[in-house]
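Per-chain residue numbering starts at 1, and chain names A, B and C are given in the order in which the chains are listed.
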Amino acid sequence: MTFTAAQIAMLINAKIEGNPEASVGSFSKIEEAKEGQLAFLANPKYEEYLYTTGASIIIVNDSLELKGKVQGTLLRVPDAYTAFAGLLAKYQQMVSRQLTGIQQPSYISASAKLGEQVFVGAFAYIGENVVIGNGVKIYPNVFIGNDVVIEDNTIIHPSVSIYYGCRVGKNVTIHAGSVIGGDGFGFAPQADGSFTKVPQIGNVVIEDNVEVGSNATIDRATIGSTIIRAGAKLDNLIQIAHNVEVGNNTVIAAQAGVSGSTKVGKNVMIGGQAGIVGHISIADGAKINAQSGVSKSIKQPGGAVTGSPAYDYTSALRSQALSRRLPELEKRIQELEAFIKQLVSEKV
Amino acid sequence: MTFTAAQIAMLINAKIEGNPEASVGSFSKIEEAKEGQLAFLANPKYEEYLYTTGASIIIVNDSLELKGKVQGTLLRVPDAYTAFAGLLAKYQQMVSRQLTGIQQPSYISASAKLGEQVFVGAFAYIGENVVIGNGVKIYPNVFIGNDVVIEDNTIIHPSVSIYYGCRVGKNVTIHAGSVIGGDGFGFAPQADGSFTKVPQIGNVVIEDNVEVGSNATIDRATIGSTIIRAGAKLDNLIQIAHNVEVGNNTVIAAQAGVSGSTKVGKNVMIGGQAGIVGHISIADGAKINAQSGVSKSIKQPGGAVTGSPAYDYTSALRSQALSRRLPELEKRIQELEAFIKQLVSEKV
Amino acid sequence: MTFTAAQIAMLINAKIEGNPEASVGSFSKIEEAKEGQLAFLANPKYEEYLYTTGASIIIVNDSLELKGKVQGTLLRVPDAYTAFAGLLAKYQQMVSRQLTGIQQPSYISASAKLGEQVFVGAFAYIGENVVIGNGVKIYPNVFIGNDVVIEDNTIIHPSVSIYYGCRVGKNVTIHAGSVIGGDGFGFAPQADGSFTKVPQIGNVVIEDNVEVGSNATIDRATIGSTIIRAGAKLDNLIQIAHNVEVGNNTVIAAQAGVSGSTKVGKNVMIGGQAGIVGHISIADGAKINAQSGVSKSIKQPGGAVTGSPAYDYTSALRSQALSRRLPELEKRIQELEAFIKQLVSEKV
C-alpha cells in the first residue's frame, strides 16, 4: 500500500515542494529513512539529516529555511510534528485490529453495567456496581474495584489496578501496570515509635483526555479526591501522592513524584526524576527541570526552577557554573592571601 | 447516618468545647469543610482555616491555643491526627464489605494450606506448599509462588507477585503491583565484558505490621534473607535491594532506594527519591532528607543528612545557601583583586 | 546432602589450602557463616571476616594474601565471585522444580505457535500470531500481545506485560511487573495548551542474554525500535524511553532512567537513580555515577561523570569537596576584605 505526496498533502493540508508523484509505503526517522519512506523534521537538532536523508517525502515546518539541497519531496505545514502525529494516527487506525467483545474467562460482577462496543480481555476483573462507558477497552489481567466509573472510549492496558470508588473520564489511556487509588501514605506516629495507619477513604478522579504511563502510581485521597485534571499527561513510574491536584494539560515526565496535598497548576512542565514536597502549590505554566527538588511553592506563573533544592532557573545555572569553577576561586583566594601576607611582611 | 459531638467525644475520649449537640454526617478537609461535616487540625500550617471553616465539629490537639473565634464545636484530644485516624478506621469498618470466600476461577495448588475466613480473588495464583493464615485477603491477579508463608490478617492487593520461599508476617498490607522476592541484581563481570548471573537463592522476610506501597520492589537475598522488620512503612515505587535489612518502624518515602547489603536501623526516616549505596549501615533514628544520596554509613543515632553526596544536615544547608550566593562571592573576589592590582600599580 | 572441599574443588577447578575432607551442607555470607557452611570472599571490604568466620570452606581469589590465620579450608580460584556464582547455579539446578506444561485456565490464541518444553502459567494471556521458542517459561498473569516473538529458553515472570509486536531474544529473563512496549511519551503541543498524541507505532527489541528487573518500563519506539542489545543487565524500576538504544553488556542500576532517542554505548555502567536526557549519546565503557543527571553526550570512551548536571568525575569530586567548605571560603574572603578595609583607613 503506497501513497503519493499529493495524496498525503491533501490528508494533512500541506504545500508540496518537489515531485507530487513521489510515493511512500512506510515511515522512518529522518536519519535512517530510505527511498520509499516518509520522514519528518521538527527538532532543529536533526536538520543536518534533511540534506542527506534518503526519504522520498519529508514533512517540514512552513517556517523552515533550507540551507541546502533536499532530494525528497517536501510537504510544508504549520507544525510538522502535529501533522506527522495525525498521519500516524490515521495509519494506526487502518492497521489496528478492532477489539470488542468479552473474552473468557473474565470476571464481571452481576451488578456491573457495561456500555456498547466494550472490550473486556481474559482474566480481567470487574467489581460490584462498576459502570463502564461505550467503546471502553479493558485489557487482560486488569483489576477494576467496586463502584469504579470509567467513561466512554477509555483504554485500560494489561495489569492495571484501579481501587474501589475511583473515577476515570473519557478518552483516557492508562498504560500497563499502573495503580490508581492505592492507599495514601498516612501514618500517625505513636509515643513508642510505632505508627497507626490513617485510613484513606477518599478516591482518585482522572478527568478526560488524560494519559498515564506504565507502572505509575496515583494514590487515593485521605478524604476527598486526588485529582488529575483534563488533558494532563503523566509518564511512566511517576508517583502522585494523596490529595494532590494536577492541573489541566500539565506534563509530568518519567520517575517524577509529587508529595501529598500539593496543588500543581495547569500547563506545568515537570522534568524526569523531579520531586515536589507536600502541601505547596505550583503556579500555572511553571517549568521544573529534571531532577529538581522543589521545596517551596512556585508563585510566579511560568516560573522556571532547577536544582535540589530548586530555585530560579537562571540564577541556579549561574551558581552551578560557578560551583564547577570552585577550585579556581579557591586558588584566587589563596593568591590574594599570599599577596597580603607578603605585604604585611614587607611593612614589618 | 449522623453523629453528635457528644457521641464522637465518647468514641475518641475527647473534651467538648462548644455545642455537644452539633452533628455531622461526613468527613472533610478543614479548608473545604461545610456544615454537617467533621474536620481535624494537626498540621499547624492549616491553622488559619480553623477560624473560617464551615465544619460543624473539629478535632484539635489539647495543646492548641486559639487565636480567634471558631464557629464549630471543638473536640480536644492529646493527638488530633491519631484520634482522627481512629475515627476513620471505625467508619471504614462500618462501610466496607466483608471479603471472604474463594472466587472462581482461581488457581490454588492441592498442597497449599489455607486458614479460616480467607479471601482469594479471581485469577489469583497460589503455588505448591503455600501456607496462608486466618483472615488473609488475597485480591485478584495476585501471584504467590511455591513455599511462601503468609500469616494472619495480611492483605495482598491486586497484581502483587511474591516469589517462591518468601515469608510475610501478620497484619501486613502490600499494595497493588509490588514485587516481593525478585532476583537481586548480582552479576559477576567476565574478562570479555559480559556478565555471569549470580543465582539468588535467598528469600525476603517481611515481619508483622509492615505496609508496602504500590509498585514497590523488594529483592530476594543472594543467600540468607532480605528483611523488613516489624512496623516498617514503605511507600510506592521504593527499591530494596538484595540482603538489605530495614529496621523496626522505619519509614521510607516514595521512589527512594536502598542498595545491596545495607543495614538500615530502626525508626529511621528516609525521604522521597533518596538513594543509599550498598554495604553501609544507617544508625537508629537517622533522618535522610528527600533526594539525598547517602554514600557513607551514618554512625550517629538520630543523625540527619541531606544533599548528594549527603552530609550533616545543618552544614549542608549552610553550604547550599552559600552556593546560591556564589556569583556574589566571585564578585567580592574580583573587587579584592582589582584593589590589589591598583595597589601594586600605585606602588610602582 | 553434604560435599567435601575436594569435591567442590573439582567442580570449580580450585586449589585446596587446608583440609580436603572439610564438608559443607549449605551456603552463607562470610560474616554469618557457621561450621558446615560454605562462604566466599570477593569484596575486600569483607576481608576482616575471613579470619573470624566459622565457615568450613571459603572460596577466595588466587591473588589474596593472607594477613592472619584462617580456620576453614580455602579454595583458591582466579575469580571467587564467578566461581561462587557457578556453584550457586549448580545448586539451583539441583533443587528447582522443572516447570513445563500448560496450566489451566490460560488463554492461548489459536494462531499462536509454541515450542517444545514450554511452560505457560495459569491466567497467562498469549495473543494472536505470537511465536514462543523452546524451553520458554511464561509465569502466571503474564500478558503477551499480538505478533510478539519470544526466543528459546527465555523466562517471563508473573504480571509482565509485553505489548504487541515486540521481540525478545534467547536466554532473556524479565522479572515480575515489568512493562515492555508501552507507548513512548510523545505529544505534540497545540496552540490552546493541549496536546495531541503522537501514535507510537514502533516496537521494542530485546536481544539475547538480557536481564530486566522488576517493575521496569521499556517504551516502544515512535517509529523503528527501542533496542536493548545482547548481554545488557537492567535493574528494577528503570525507565527506558522510546527509540533509546542500550549497548551490549551495559549495566543500569535501579531507578535510573534514559530519555528518548538517546544512544547508550556498550559496557557502560549507569548508577542507581541516574538520569540521562534525550537525543544524546554515551560512549562505550562510560561510567555514570548514581543520581547523576547527564545533560550532554559523553564522547570519551570510558569517561566517568558525576553530579547533576553531571561532569567529569575527578573535577566534580573536587568541586563537591570545596562546596562543603564554602563557609570557610567565605570567611577567608571576609578576612581579606577586613584587612583591605583597614589598609585603606590607615592610608587615609
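In the analysis below, a contact is a pair of C-beta atoms (placed from the backbone, for glycine too) under 8 Å apart; a residue touches a chain by one contact, two chains touch by 3 or more.
Please read these numbers as outputs of a predicted model, since none were measured by experiment.
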item: Proportion of interface numbers common to chain A and chain B (over half same, under half different); value: different
item: Superposition of chain A upon chain C: rotation angle, C-alpha, nearest 5 degrees; value: 120
item: Averaged-CA centre spacing for the pair chain B and chain A, given as whole angstrom; value: 25
item: Overlap residues in chain C, where contacts from two or more other chains coincide; value: 105, 123, 141, 159, 177, 215, 237, 255, 273, 291, 308, 323, 329, 333, 336, 340
item: Residue numbers on chain A that touch chain C, as the complex places them; value: 27-29, 32, 43, 45, 79, 81-82, 84-86, 88-89, 91-92, 97, 103, 105, 121-123, 139-141, 157-159, 173, 175-177, 209, 211, 213-215, 231, 233, 235-237, 248-249, 251, 253-255, 266-267, 272-273, 290-291, 308, 320, 323-327, 329-330, 333, 336-337, 340
item: In the complex, chain B residues that touch chain C; value: 105, 107, 123, 125, 128, 141, 143, 146, 159, 161, 163, 177-179, 182-183, 185-188, 190, 193-199, 201, 215-217, 219, 222-224, 237, 239, 241, 243, 255, 257, 259, 273, 275, 277, 279, 291, 293, 308-309, 311, 315-316, 318-319, 322-323, 326, 329, 332-333, 336, 339-340
